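The following blocks contain the structures, represented as structure tokens.
Next, two complexes with chain A in common: one pairs it with chain B, the other with chain C.
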Partner chain A sequence: MTLLIGSITIGLILALLALGIFISFRIFDFPDITAEGSFTFGASIAASLIVAGINPVAATALAFVGGMLAGAATGFIHTRFKINPLLSGILVMTALYSVNLHVMGKSNVPLLSQNTLFTWFEDFSNNISGKDAVVNLIGWSVPARDLWTLCFCLLIIIACSLLLFWFFRTNIGTAMRATGDNDQMIRALGVNTKVMIIAGVALSNGFIALSGSMLAQFQGFADVQMGIGMMVWGLASVIIGEALISENSLGMVIAGAVIGAVLFRLLVAIALRWGMNPNDLKLITAGFVFIALVLPGIMKKTKKIKLIQ
Partner chain B sequence: MKSFFSGILALFIVSAILLLSDISNREKGKDALRQKPTSGTMFKLALVHYVDSPNSEDCEKGIRKALADKKLVEGVDFSLKIFNAQGDIATLNSIAESVGNETWDLVFALSTPTTQLFAKKLQGAKIVFTNVGDPQAAGLGKSYADHLSNLCGISTMSDFDGLIKLVQTLHPRIKCVGTVFTPVELNSVSFKNNLDISAKKQGIKLVAVPANSATEVLDAANSLVAQRIEAFCQISDNLTGSSSAAILKVSHDSRIPYYSFVTPQMKQGAVAVCGRDYFEAGVEAGQMGIEILSGTNPATIPYRNVEKTNYIISLEAARFFKIVVPDQVFKTFPTLTIMKPSSQK
Partner chain C sequence: MLELSNLYKTFNAGTINEVNALQDVSLSIEDGSFVCVLGTNGSGKSTLLNAVAGTFITDNGTIILNGVNITRQPEYKRARLIGRVFQNPFSGTAAAMSIGENLALAAKRGRKRGLGQVLTATILNELKEKVKTLNMGLEDRLESPIGKLSGGQRQALTLLMSSWLRPDLLLLDEHTAALDPKTAGKVIELTEKIVTEGKLTTLMVTHSMQQAVNLGDRIIMMHQGRIRYDFRGEEKKRMKVADLLSLFDELRRKDQIDNRVAELLELEYV
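Right after this comes the complex of A and B.
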């Protein structure tokens, strides 16, 4: 049960990453690989500020802002200098590698004895449920602080999703979505699509950096190599979510990205729990993603066949 | 809305599968980690790699050797479950949850990120780390003696003074040595700084060139040659460890002798090494683990550097680089051994 709760918590933290990837890849149709840099960027900003004694909430918020700046840089390079989106992302991601080293001053910042968002959640749990309290959940005993941490992460992700849902229905948000869907049409209506792309990629990387800063606080350190492979996982989560939830309305797609991210972590946890050969782990996760993508299509087909018969 | 519930349903199904596969842990929970497991006399051990690297693999071999030396047989006296995050931080977090979910007699954490994460997440389990270059810089304790109560281990800090002294004995007039280092590896930067301090003490200048990927290592080594170093004193980290062949090739092409801290590099053509290597680190971490399994409290064991240092020289490589090996070197380093030429590649 602790495994389940822990995996869902990690899944929720990485769901923020999935939301960010969803904005750039799905709303703007902008293949943005700044993600691997901005994820670490958020982590390194939050970690260095927390070590410097800044309030964790402020540090996390600044990480979000830092991510937005990184994204804005990618958007600016793409729109102003007409550089291919992929290459703009590569440029900023590569540059961020050095920036991250400068921000942290070294390659790894430990947060073991620092106050972070997550130590706050633990303190909160200690105050409410008592120190080291254990809750019995259908036969499994679970530390109360793990449950509280999960609740807080759930709250944060719900708040972020609702905020995004609200934002993309405002005038600016609608113009952004239209930029991704049909930029000629929206330009004819007098919207500056370049500004929309810059703002959109900035917002996307803000969420990615937020996810990085939360993960750093959750695991107790920021490492300059922690962004490696993140974009692939985020994209996989978004696509799994889409495969599961086939509706195209905005709210459903956002929910799909979050569900996809959590589902993906659960699948990895199952692969680990079953004790497979550690060298096969990535092969197995790739297999899982494949099944998750193919299964909904097969299920639909079998339904249709039944209907015809 | 219907498809939203099908998504939620999928989450529930997968959660149920996870819970079913975890049914054996029911009613134990995290508290069980603090108690001694009741499963007979077989020790239940876990070993976690962060990334596939020769250093990490050597540590694992060393740990296995330490267990075998104590006549402990896998499957009879202990079970050893290996995890490997394959370089992915999200997977490492999932592994921490998975390991934290079960009861272990001892957990071996290889590499700095693994140890940092486990120190935070596995507060109930006993952990022995190695393949960590600088535990203090990694935030694992205020000093080697003052550290977390459930954690102890072997630091793989190299013997910088020893190598510099060896190089100086072989090249009395040396003024400038060089190394490739990896800015993104905490250990590498720490090692480079320590080597710089040791070199400065002897009046030798250290030129360090950064490399961030395997392809950059060759360029970095060539850049060192261009800066007229007189010898390579290569520090040990994951990146240069796995691409040492590139640096050695540059060394042989430019006839600039290569010294390092990693024993297996003798076979690739290094002149001499001062090896506190990862295999030894693994052996000593294994011995520390056995000490804890037999009842010692990890809080009372201070962190320490690898104790055993191997000084090895290859006369064949020395001849290749036209180095005259003085007899004095064997007096200064009584443990210096000569590598048999037959094992040279």
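Right after this comes the complex of A and C.
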């Protein structure tokens, strides 16, 4: 049960990553691999600042800003110099690897004895439920602090989702969605699509960096390798969400991305528990996304064949 | 008043595929005038429209719209003055977004877009009234994605969108070419209504000589990147489809003569 709660908590943290990927991939149709760098960038900024004694909330907020800068760089390279989106992302991602090493000063920064967001949640739990309290949850005894941590993560992700939902229905947010949908049309309506793309990719990477900074604080370290495979991971979450929720209204799609992220993390946890080799994780994730991308096309074809017969 | 002077545009300059799409095009259109642009394929009629819209920056010449020099302005800045409907019915609307959202986007053409909600109660009401005038029963479906509508419906909505905020200039780029004849007729009817009601200055590219004869107060005929004929006033009113057809034939014949002369010269001197 503790394992389950831990998985859901990580799933919620990675839901921020899924939201970021949702913005770049689904809203802008921009295959943005900057994610792999900005995820680590967020983690390294937060970790270094926390070690330097900065307030964890400020450190996390600055991680978000850092991610936005990374995303803006990708957007700028793409729109200003007409470099293809994937290559723009690869350039920034590669550059960020060195930047991350500089920010952290080494390849791994431990946060075990530091004040992080999650030690705050623990303190809160100790004050409310008493130190090392145990809660009985449908027959299982679970540490109260794990439950409180889960609740806080849930609150943060709900707040972020609502914020995005609100934003994408404002005048400027709607113009962003239209940029991804039909840039010719929205340019004819007086919107500078280049600025929209830069801002959108920045927003996306802000959320991804936020996710990275929170994961680093949760697991107690930031590592220069932690961003590898994160783009596909986020994409898998978004795809699962879309499969679960067939409706494509904005609110449902955002909710789908969050639910997909939690579910995907749970699936992975279960598979690992059943003895899957952790080294195979990325291989299987990639395979999963491949199948999810190919399957709809194949299903359409078989349907057609059936109809013909 | 739209004033084009000595516009030039060459695509793929210096390559085998070099196209002189616009050559010394000068044209001035008075306020409230409705101009139909005719031309053979590749005559530069769509290029002319795109040059005014800002899809590309011209090589030479100036474009002045109501006293504003827009020659070097990017497309999105010109949108404040210009409303547009495209040839492809899917180009003018964002398919995944709702009818309401698409229209609301157009209600802010060329204006500052802030953090206010896009679909407020007031704008929804205004929207409903406007859509009702189309008589397509769309006013009850404002929530559904615009991509589910037919090409004709989408083109009608695009027309509504392009003229929501009164544009100084309305550009119509063969906007009925992709529709079936019946729908095209309806869209043309709507076009006429919107243009006359708003007294809009309009530049319409068309492939249909019938449309050019029936609509507007001026016909311009382009060929090989140049304006070859310009009829207005009484002369335009007297124009019939047959007259236009014979003019086209004449242009083609001249072409052939040009080519034959070139061949002859080649045989003589090369």
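In this text, the second predicted complex is superposed on the first by the 274 of 309 C-alpha atoms of A that agree within 3 Å, B and C clash if a C-alpha of one lies under 4 Å from a C-alpha of the other, contacts with A are read in each partner's own complex, and residues count from 1 in each chain.
One rule holds in what follows: a contact is a pair of C-beta atoms (placed from the backbone, for glycine too) under 8 Å apart; a residue touches a chain by one contact, two chains touch by 3 or more.
Being a predicted model, the structure only gives us computed values, none of them experimental.
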{"item": "Touching partner for A:233 - first (chain B), second (chain C), both, neither", "value": "first"}
{"item": "Residue contacts on chain A - larger count, chain B or chain C", "value": "B"}
{"item": "Contacts of A:76 with chain B and chain C, given as first, second, both or neither", "value": "neither"}
{"item": "Contacts of A:124 with chain B and chain C, given as first, second, both or neither", "value": "neither"}
{"item": "First, second, both or neither for A:165, with chain B first and chain C second", "value": "neither"}
{"item": "Partner chain in contact with A:181 - chain B first, chain C second, else both or neither", "value": "second"}
{"item": "Residues of chain A contacting chain B in one complex and chain C in the other", "value": "none"}
{"item": "For the chain A and chain C complex, residues of the former touching the latter", "value": "167, 169-175, 177-178, 181-182, 184-193, 248"}
{"item": "Complex interface listing, chain B residues touching chain A", "value": "3-4, 6-8, 10-11, 14-15, 17-19, 21-22, 25-31, 49, 52, 81-84, 86-98, 100-101, 112-113, 116-117, 119-121, 137-140, 183-186, 188-189, 212"}
{"item": "Footprint of chain A on chain C - complex, ascending", "value": "53, 74-77, 79-80, 82, 84, 86, 90-97, 101-102, 104-106, 108-111, 113-119, 145, 161-162"}
{"item": "Residues of chain A defined as touching chain B within the complex", "value": "1-4, 6-8, 10, 14, 97, 101, 106-108, 110-113, 134, 139-143, 146, 215, 218-221, 223-226, 228-230, 233, 241, 244-247, 252, 255-256, 259, 262-263, 265-270, 272-275, 278-279, 281-282"}
